[in-house]
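Take this structure first; my questions come after.
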Amino acid sequence: MTMKVYLSGEIHTDWRDQITEGVEQARLDVTFDSPVTDHDASDDCGVAIMGAEDKKFWHDNKGANLNAIRTRHGIQNADIVVVRFGEKYKQWNAAFDAGYAAALGKSLIVMHGPDHQHPLKEVDAAALAVVETPLQVVQILNYVINGVLPD
Amino acid sequence: MTMKVYLSGEIHTDWRDQITEGVEQARLDVTFDSPVTDHDASDDCGVAIMGAEDKKFWHDNKGANLNAIRTRHGIQNADIVVVRFGEKYKQWNAAFDAGYAAALGKSLIVMHGPDHQHPLKEVDAAALAVVETPLQVVQILNYVINGVLPD
Amino acid sequence: MTMKVYLSGEIHTDWRDQITEGVEQARLDVTFDSPVTDHDASDDCGVAIMGAEDKKFWHDNKGANLNAIRTRHGIQNADIVVVRFGEKYKQWNAAFDAGYAAALGKSLIVMHGPDHQHPLKEVDAAALAVVETPLQVVQILNYVINGVLPD
Amino acid sequence: MTMKVYLSGEIHTDWRDQITEGVEQARLDVTFDSPVTDHDASDDCGVAIMGAEDKKFWHDNKGANLNAIRTRHGIQNADIVVVRFGEKYKQWNAAFDAGYAAALGKSLIVMHGPDHQHPLKEVDAAALAVVETPLQVVQILNYVINGVLPD
Amino acid sequence: MTMKVYLSGEIHTDWRDQITEGVEQARLDVTFDSPVTDHDASDDCGVAIMGAEDKKFWHDNKGANLNAIRTRHGIQNADIVVVRFGEKYKQWNAAFDAGYAAALGKSLIVMHGPDHQHPLKEVDAAALAVVETPLQVVQILNYVINGVLPD
Amino acid sequence: MTMKVYLSGEIHTDWRDQITEGVEQARLDVTFDSPVTDHDASDDCGVAIMGAEDKKFWHDNKGANLNAIRTRHGIQNADIVVVRFGEKYKQWNAAFDAGYAAALGKSLIVMHGPDHQHPLKEVDAAALAVVETPLQVVQILNYVINGVLPD
Amino acid sequence: MTMKVYLSGEIHTDWRDQITEGVEQARLDVTFDSPVTDHDASDDCGVAIMGAEDKKFWHDNKGANLNAIRTRHGIQNADIVVVRFGEKYKQWNAAFDAGYAAALGKSLIVMHGPDHQHPLKEVDAAALAVVETPLQVVQILNYVINGVLPD
Amino acid sequence: MTMKVYLSGEIHTDWRDQITEGVEQARLDVTFDSPVTDHDASDDCGVAIMGAEDKKFWHDNKGANLNAIRTRHGIQNADIVVVRFGEKYKQWNAAFDAGYAAALGKSLIVMHGPDHQHPLKEVDAAALAVVETPLQVVQILNYVINGVLPD
């Protein structure tokens, strides 16, 4: 059984690496996809390719639409969408991705610390699993694919 | 032409009333739906009907799932989904609703102040209109339905 | 807001009447649909209209397919599907309806006593609400439609 | 022609092995998927990974949702869903899977003994084949793929 | 419960009238739709409105496409599609409509005499009811809507 | 039988009026929808409501997205989409609407003069009827709804 | 470009072989699927595997449903569905397949002799190509895949 | 990450070659599909295979439907649809393809010179990127797949 997993959300810590490494060690048949995680490239991609804009709104609009090509492809092709909410920033794009994935009937795993429990209650309620650590995501994938639980 | 409009997001100001009143004055054929806007009822509905929980997580889970019956019905039946982001709080449920509506192909109108422009760029890019005031939503509905522009 | 509710499952107690009466008293804008609840008619409808069968399997097959015209129409048109599991019988058709409704993305409410909690865990997990009494269903409808909680 | 087959339902006998062995002997191009069939792991997976719960309901809820990641993936990707009902237990999850598969338009094969014929009539009526033995499933796959009937 | 019924197939006997009269007498909440049953108009509609064609193929093509506007609208909006095969003619359009309705998941009722049983086996197998007379269709509608069986 | 008709395309002649008047005279049960046909309002609606733009591209982008709320609603809700190509202008939005309607499986009627036959061949091939005059559209609607052909 | 082609309809001549051989000679990247073309096996498969029936109707019903597993898989996975109508028999299953394929939006090619032109007009009108010979199907595939026309 | 790209529109310049060469140089994992770009073959394919027509309309109709087999396959299977509008001709098929792709939710990239900005505003507004050159398309693909921006 191959599982296609899209890793959405926070881009400032190495949680994606932790998951992919854990999955590699467990030799699971999983393919990963994720947004562009280079913050500056992600912000400026639109104008870099299609020309500068005076207004920040259109600067951002061009970039966000370009990123949407990758993001929507990733979510639409995924079996499982993992969305991580970090400690900082508004992260509305993470919640947007979660809603998008939920409406498409994707299996949703939400990762966040206990401080965010109450404001994320609607997102958590749409998920099939709510976790705090990358290790738990690896354990879930190992169980879902191999039926093996952690020791 | 009847338009069904779902008003999602911030629940602490009277923006919904301003829109419904403006639409009434303009005599537009619009029906509105929205989430339960009583904050306490919204938080406690699950345990009030289905029994108390010791853990906050399950308290919230029961409530969020109950609210989802109304929210998903509202979004799924809407022609237009308006999502307002206020000044305060995380408002991840608003962004979740926007993503959910976008994935269903609903016409999305996003309302927020200029301070939130950058963190909302992905949500804005998925919208057909980005506005700051309830009056603009009324003007959009008047134009979309009657082809009439503000003076 | 009108809600269309399909009442699936157990047909030997008056739980459907309790819900419809409660909804009437609360003056909620709800329309109900349900399977044919006359057990004998439901079992024999196929052969009564389309001719007798020697084998019980085909006797039942004709009836089940005829009932499916009503059942699928009811579920497909519903906003909310309530499935009640009673104390007796196999009730596999109730669980089938729940799975059918879940796959269509309907809001699912499951009603059953505490004895059935463990064997119904997969069905409950697919639901937005799990209750024990018809009164709770009425309270949910009253909250979902009017935002009003029980005293 | 490759056929993807999901084997749902009863987990206490070796019927899945009988089918996979029969298919191997017949050298059919079939891939199989199934739920986790380790009863204890299946019951406890949620709390083992995401933390203990005092209430049995939430213990089961966490596990059922985790298993749903695998189950839904299996059914959604299948061409054929085989659902076996054994002699014992409620097996509502099997009927739920059958309803879920039917709503998605999957080709459904139901396997059960003659004692369960009447209570399974709605499930059987939704199926394209009703059988009693794993051998019959192998024969169906051999016919569907190669057009070869048993001697 | 309102049922929308599309009456497809044979156009040379009064079977549609028998059904609509029976339904009227039983005071059932059913709306009917059907193809244009004037054979000549149906054959010539395309060229009558859009200009003559030398080749019979294009004469027929123009007409068939025009009739498809009505036929597809009727089937797509129906809850139940009744397809009657008469004694004469090829009636491939009737079988085409049955396949079209089946693919859309409509509840299919097939009506034909015993002589056509074998060549219609694939069509019958896709149906939820196979009958011989208009009276049986009325009885089915009465049962499906009111749960009432014939005396 | 009610038919919902969306009238897309050319906005500089009175073809829509001719159709609606003809339909009224024939007393057909048809509801019409169409884009905003005031050329200036249609061009400037975005900036009039949401603020001026220096660049023509964004001026047009804001307007086009606003008009899309109405256009997509009209096409998605239509049974029949009529697209007229006039003598002048690029009219790419008309062809875009035709493609959009075709992908949604709408019944497409294309109206244009003989000069445009060759460049419109792909659009015509996707249509169920190709006509030159508003009268022909009225005749088609009269035939499709009432089975009546012109004298 | 790979094309998946389902070859439906008449099973008493070697037209499928002619197409597959022509495609092989032209070295086209096409995969084929088709129903079981052994008439006796196709008729008796149901009872051969699932037990005899006294009534011909149920004998046929069991077989038709079993064949439907293969047929629907073939049509649902196809890019192009070719349906051939031969000189003899009712061939309602061929027309049923054509309707089924049309409703799913498959590219439909219909093959038949000139005698059947009028009774097949609705089926032909739903097709993207109407041909008389297997060679023409090969030529179409060669053109569609390679852009090469016959000399 | 593999991206499937359909290159629609103008067929008289070498823009497709520029994109495929650029993608090859950048070693991107992209597969391309496009319409038949031999203008004469594209115009005459229908009659060449299926027989001559006296009327230009049917000559073109046969060809356009044959080309639609390839075009729709290409668009339906694409992740990204690039539509280029050249300097000359009506190019209504390009706009039709853009509308078709938009309705299917494909990521749309539109390419055209500044002269066509205003008449293409509705098409541009439906796109996630609007560019002028093949190089920009290559840069977009490089960014979307590898997160790399041009120097």
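Note that the chains are named A, B, C, D, E, F, G and H in the order they appear, and that numbering of residues resets to 1 at the start of each chain.
Operating definition for what follows: a residue touches a chain if its C-beta (ideal position, glycine included) is under 8 Å from a C-beta of that chain, and two chains touch if they have at least 3 such contacts.
Since the model is a prediction, treat every value here as computed from it, not as a measurement.
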*Could you compare the number of C-beta pairs in contact for G-H with that for F-H and name the larger?*
F-H
*Interface copy of A-H among F-H, C-D or A-D, judged by whether over half of the contact pairs recur*: A-D
_subunit A and subunit G, separation of their C-alpha mean positions in angstrom_ = 44
_Rounded Å distance, subunit D centre to subunit F centre (Cα mean)_ = 50
*asked:* Between subunit E and subunit G, what distance separates the C-alpha centroids? Give it in angstrom.
replied: 24
_Two-or-more-chain contact residues of subunit F, please, as numbers and ranges._
65, 68, 130
*asked:* Give the list of subunit F residues in touch with subunit B in this complex.
replied: 33, 36-38, 41-42, 44-46, 48-50, 62, 65-66, 68-70, 72-74
*Can you check the complex and tell me which residues of subunit G touch subunit E?*
56-57, 60-61, 63-65, 67-68, 71, 85, 89-104, 116-126, 130
*Which positions of subunit B touch subunit F when the two form their complex?*
1, 3, 79-80, 107, 128-131, 136, 139-140, 143-145, 147-150
